[in-house]
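What follows is a group of structures, each given as structure tokens.
Each of the next two complexes has subunit A plus one more chain, namely subunit B in the first and subunit C in the second.
On to the complex of A and B.
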């Protein structure tokens, strides 16, 4: 049985005293935030409503061990829909702060800086949507240098920094440059599929598909299409695109979230800039600028991504495009 | 309505607007304006020959815009009177209807608005409610997704006399939807729109679902809700029946609806709270149970009738428990959804109650009013001297004071409830309150502070709350020091700054002003009038050199005897902690300024006499 403590100075009070935690008791458990959030598609224990109840019932340790507070990326899709005006991500951050003070650590993977490669250029610090990176003086190979440092409690592992770093000095576990490159090529699909069928490579962000049917459709695409999932379209390093084109892919499609709905606040905007630059570059090189395309999928765009991909495949089939 | 129209004692004035209301309980004068219908009511027999020839088609408001209507039309089948009317804005003056009407010659484009004054004894407000426009909740897609409709639209589609002759079809393809979902609390219980619960939507949704399921037993029906509210007779049983029939209830407020553009079907995402998991449910049609909201013209109607609105925007009753059908203006009664969202049984009950409250007035030759009312000393009122003022009228919660420059302010005694706010606020001491005149209060002050005033805790109390609190302290044996001296007035609004200056001038040790908590005020906004004054007064007293701890403001309810005793104990303690010599010096030092403040009091009728008597007996 759950024993609760509703006396002053309980865990609940501690959370409510934390900036962002003030409105906790307004929640009437309607579940709007839960169904708006996409994290629970990949992490079924993720549930901000239940986390709030756990705090209200003073379930301190269980709350800290629950993945919700660590996984909330403050994308704030939920907050405008809460009928009680609760800023859910602020509340999650308040709880997280209490947890950090109690000595708990984020279970998420985080960005890692290769201190030997890092030149201290500061580009990553500006790119990180969470302020998780900062330059600090450190003695490397006997010399004192300023290099980038990751604050693990803030990093959400979006990989935007990894794509931004001009020296490839940052890696995010599971989505390292090497692993992404391997996925692009793996299984010799480029060689295997029927000759004459132009290949399409899709880099897809993990958060832009709300509909179950769309997620299913993505695994039932024709054999000449490969989908590489990345945490965020902001993780797409332009070299990934070039690698793919060099390997014989006809078209690269990068799919991110609609601006304002990005799971990592600004990833989709950063990706938009990068892909735009690539289009320009291709044009100047006398290539088809549309070899890489960028789409932004919104919460309400049911069916749009699978349809876009199939349209692209059909278009390629019916035209004679330069592939090399 | 048809019955009402037939009743010998009821006149229905349709297409008629209330423009102005003057007078008071039992003696209202109401200016009404009948709009031109361009159809002569005596000649039109409702044959309907005109409407088919009219070339204009516009959305029919009664059918929620689902069906069209002509520019010459009958609003709906049960309309009273069952006669045609021309919508002037839509009419193109082709006069085809005139030809169609022929010999009856009922169409008359020369009609003008007609005004008349009615003498009435009492007024019932039964103006009802409006429906919330759900298109502002973007995530539900109303207005963008054809098959998301409101409950009101469903009522029309589902009605055998409605635009589809009762054949249920969904808007996108006119197909019968077998899988439907209802969403509750759309725009209510939601701080972005309306915080209150609309009350009747749970039951009408269950009603619509049950009706549907009875007619189409194979239908797949889901109701998304946060809480189902069934507080009336038989309602909970009805809810159980709905569950037993196989209607699916899901506790969880949907966050978003998306549409499959190919099929027009809708996908609802919600957390099933019982399950603790997000579900996605496909529906062929979604029905939104929208909030009942105050009518758009509530403010305009309120100022015509001089009645106010509660925080939720609906008309405010005199007292939520004890006078729920009376408005704060005597002789004006509220019923139905105009006062707060309520279903038909509750609206009918309140309507009947309001009618019998009104009948008491109609059947009485005389009406007893409050004896404690405000009265203007006409020769003192500066408005009578042609100067602009009217402060009193702005403070009156009941609109009982009429000020026209050039004439003295006029109090309608039958409207005045006797809070005394105007009396205390008049800068020229031109109003008094019967039974609580300035002279009477000042006499009491002098009597209470006759001996050793510097050792007294002088407490002003309002009749309804803090006086009750003091009484409660007594009957409950909550002890407080004997240094307390109490002075009762009707409302904190009556506690004139002059009284407090006079108390300090007389050397009172500490002074308390106490009244109701704002929500408990017996005089709607009387407490607020007092509170605003005390806020300024607190600063002014400090500026005058009076130590801040000598003046205190507290809101104490009639049930808070313990609080009253505690406040008095604390004030007595405060007084004891002030060095007597310093207090004496402060009283002497501040006296000249206080004397200056109250120098004009003796000009008020009877006050000079009261002061003289006080002096003689001291």
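On to the complex of A and C.
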């Protein structure tokens, strides 16, 4: 159904008629949601308060023309703080749905499925926090098979599915297995003299770097630390961790968000399950379980990530000296 | 042996249970076809052969050697090297040879732990003098030698190069015959391929119903009466199917057991356990307590790396740590 400016409904009515859009008019533009919003901190054009205001003012095309309306990942950090009890992510979803019907598309990158590799095992569908993946019958090489398909309008490109897929059939472009490996290896970091300081590899959820001071501190880390930023700690396949350790890295630190504050709802819980099971396996093998570490950084834990990394580096240095 | 153009085949067992030899016998009447097309020059599990028979062969005399079993002792290693030299094509046949299999789980312990357990601690053992077998010992009748029991178990491919691998504990009969047919017809794929199995995972073949249920708790198969029609993983039972190569025909699933993982990782996956862990933790229920879920996977190495431990990255890291010490 195509809506144009001539439709009898106003834009506001249309959004309010959409599931999740009902409470629009409760908003009195206090901006509390914006102050809580992680997206707004890295992408100031994304401003839920302003978007809601624009909808109320029937600024249809102007709203749709802003590419950031697609950025809300429903982390729901704002929701408990809204004095009017508006579930803002539901409202943003309602706006996205109206935009989709009007023929607009999400400009965000999305997961892609390699249909030849996909077995239709359905792990991704259960893993996706957004319901963006589902199975559909398709004819591949003359055979009808069930294949996973991505709904681009729902996909937030967190990469949880890419790590979950047992066949590596799903790729999120900028964070493919190959690109993550290339980031680790850049400048031949892994091959650099083994006699140097023990290497620390950090897989960091990029939403951990909110404060300018944190970003600065991260850029000043010593050369034996390599930080690979990923959209979500749920993108980290334990294979990445083991591959790095096998290549001679002394410690791998995976940093996710505090549960309940995860930008992609479930990613940090998934990472926690994976990394803590890895710890158990290291213990069972009689290996040093400290080689894999997992931390969850809260939205207000400013400075904690660089401090954790530097502590780890210092501890490693002292333990190496002690052994020698 | 009469000179003829028949294919020359050898079948050997190293550290294995014998199931892979039985799997060859399980091809049934096709054994007659095998006999028609090939001479079996060496098959100690089935007929009487001596190592000296093999030693006497010129190099590359055997066309194809199906080597089952992993390398645990100096004898296993010696014969692996001997057969490698005498064979044009060497196939790691079955899970032990391919990836270490169940014997590989002994790598959770070291040689000393294992010998103490077996010769001193097991309830059925009576060994008041605490005798532990030694590679060399002197008795009044003379010197005795035993093969050396190595520190760890290795897949045969880590000891000598192999051209192909056939997964399975054991490989199922239909696949075994398929592989033998390909060998007889001379239609082998490029070197390095996995023979007698599919490319993707077991879930592709599985008929159990998946309705999208997420895992609220992990349970072991004996702790629940599982719904015989539903996906094991959706019932919280760790099933290796998602990270296991298809091709077995699902004998375990059909009798109500989750996939144990014996067909090894699917094409393109290097570490089966890590991939299985990645998949099962991605489907946990948003309401479930993560730490509880983690603790519910009792014996994570044995569950996730049941067949592939000695060929895993985890194992490599352990060996590296041991070397540093």
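As a working rule, the second predicted complex is superposed on the first by the 302 of 324 C-alpha atoms of A that agree within 3 Å, B and C clash if a C-alpha of one lies under 4 Å from a C-alpha of the other, contacts with A are read in each partner's own complex, and residues count from 1 in each chain.
In this text, contacts are C-beta pairs under 8 Å (C-beta built on N, C-alpha and C of every residue); 3 or more make two chains touch, one makes a residue touch a chain.
Small disclaimer: the values here were computed from a predicted structure and weren't measured.
Chemist: Using the superposition on subunit A, tell me whether subunit B and subunit C clash or fit.
Modeler: Subunit B/subunit C on subunit A - fit side by side.
Chemist: Who wins on subunit A residues touched, subunit B or subunit C?
Modeler: Ranking subunit B and subunit C by residues of subunit A touched puts C first.
Chemist: Once both structures sit on chain A, report the angle subunit B, subunit A, subunit C from C-alpha centres, rounded to the nearest 10 degrees.
Modeler: 130
Chemist: Just subunit B (first), just subunit C (second), both, or neither: which does A:142 touch?
Modeler: A:142: touches no partner chain.
Chemist: For A:212, decide between first (touching subunit B), second (touching subunit C), both and neither.
Modeler: first
Chemist: Which holds for A:85: it touches subunit B only (first), subunit C only (second), both, or neither?
Modeler: A:85 contacts subunit B only, not subunit C.
Chemist: Have a look at where A:163 lands relative to subunit B and subunit C in the superposition and call it first, second, both or neither.
Modeler: second
Chemist: I'd like to know which partner A:19 touches here: subunit B for first, subunit C for second, both or neither.
Modeler: neither
Chemist: Kindly classify A:286 by the partners it touches after superposition: subunit B alone (first), subunit C alone (second), both, or neither?
Modeler: second
Chemist: Touching A:187, do we find subunit B (first), subunit C (second), both, or neither?
Modeler: neither
Chemist: Which partner chains sit in contact with A:107 here, subunit B, subunit C, both or neither? Use first/second/both/neither.
Modeler: Neither partner.
Chemist: On the combined arrangement from the superposition, state the nearest Cα-Cα distance between subunit B and subunit C in Å.
Modeler: 23
Chemist: Does any part of subunit A touch subunit B in one structure and subunit C in the other, and if so which residues?
Modeler: Dual-contact residues (subunit A): none.
Chemist: Which subunit A residues qualify as touching subunit C in the complex?
Modeler: These residues of subunit A touch subunit C: 117-123, 125-127, 129, 145, 160-161, 163-168, 234, 237-239, 241-243, 245-246, 248, 259, 265-266, 269-270, 272-274, 276-278, 280-281, 284-288, 291.
Chemist: Using the touch rule from the top, collect the residues of subunit A that touch subunit B in their complex.
Modeler: Touch residues, subunit A against subunit B: 28-36, 40-41, 44, 47, 49-50, 78, 81, 83-85, 210-212, 299-300, 302-303.
Chemist: Where on subunit B is subunit A touching in the complex?
Modeler: 139, 141, 185, 189-192, 226, 251-256, 258-262, 267, 269-273, 276-280
Chemist: Using the touch definition up top, name the residues of subunit C that touch subunit A in the complex.
Modeler: Counting only subunit C, the residues touching subunit A are 108, 200-201, 203-204, 210, 212-214, 241-243, 246, 266-271, 273-279, 281-284, 286, 290-291, 293-294, 297, 299-301, 304, 312-314, 316-318, 320-321.
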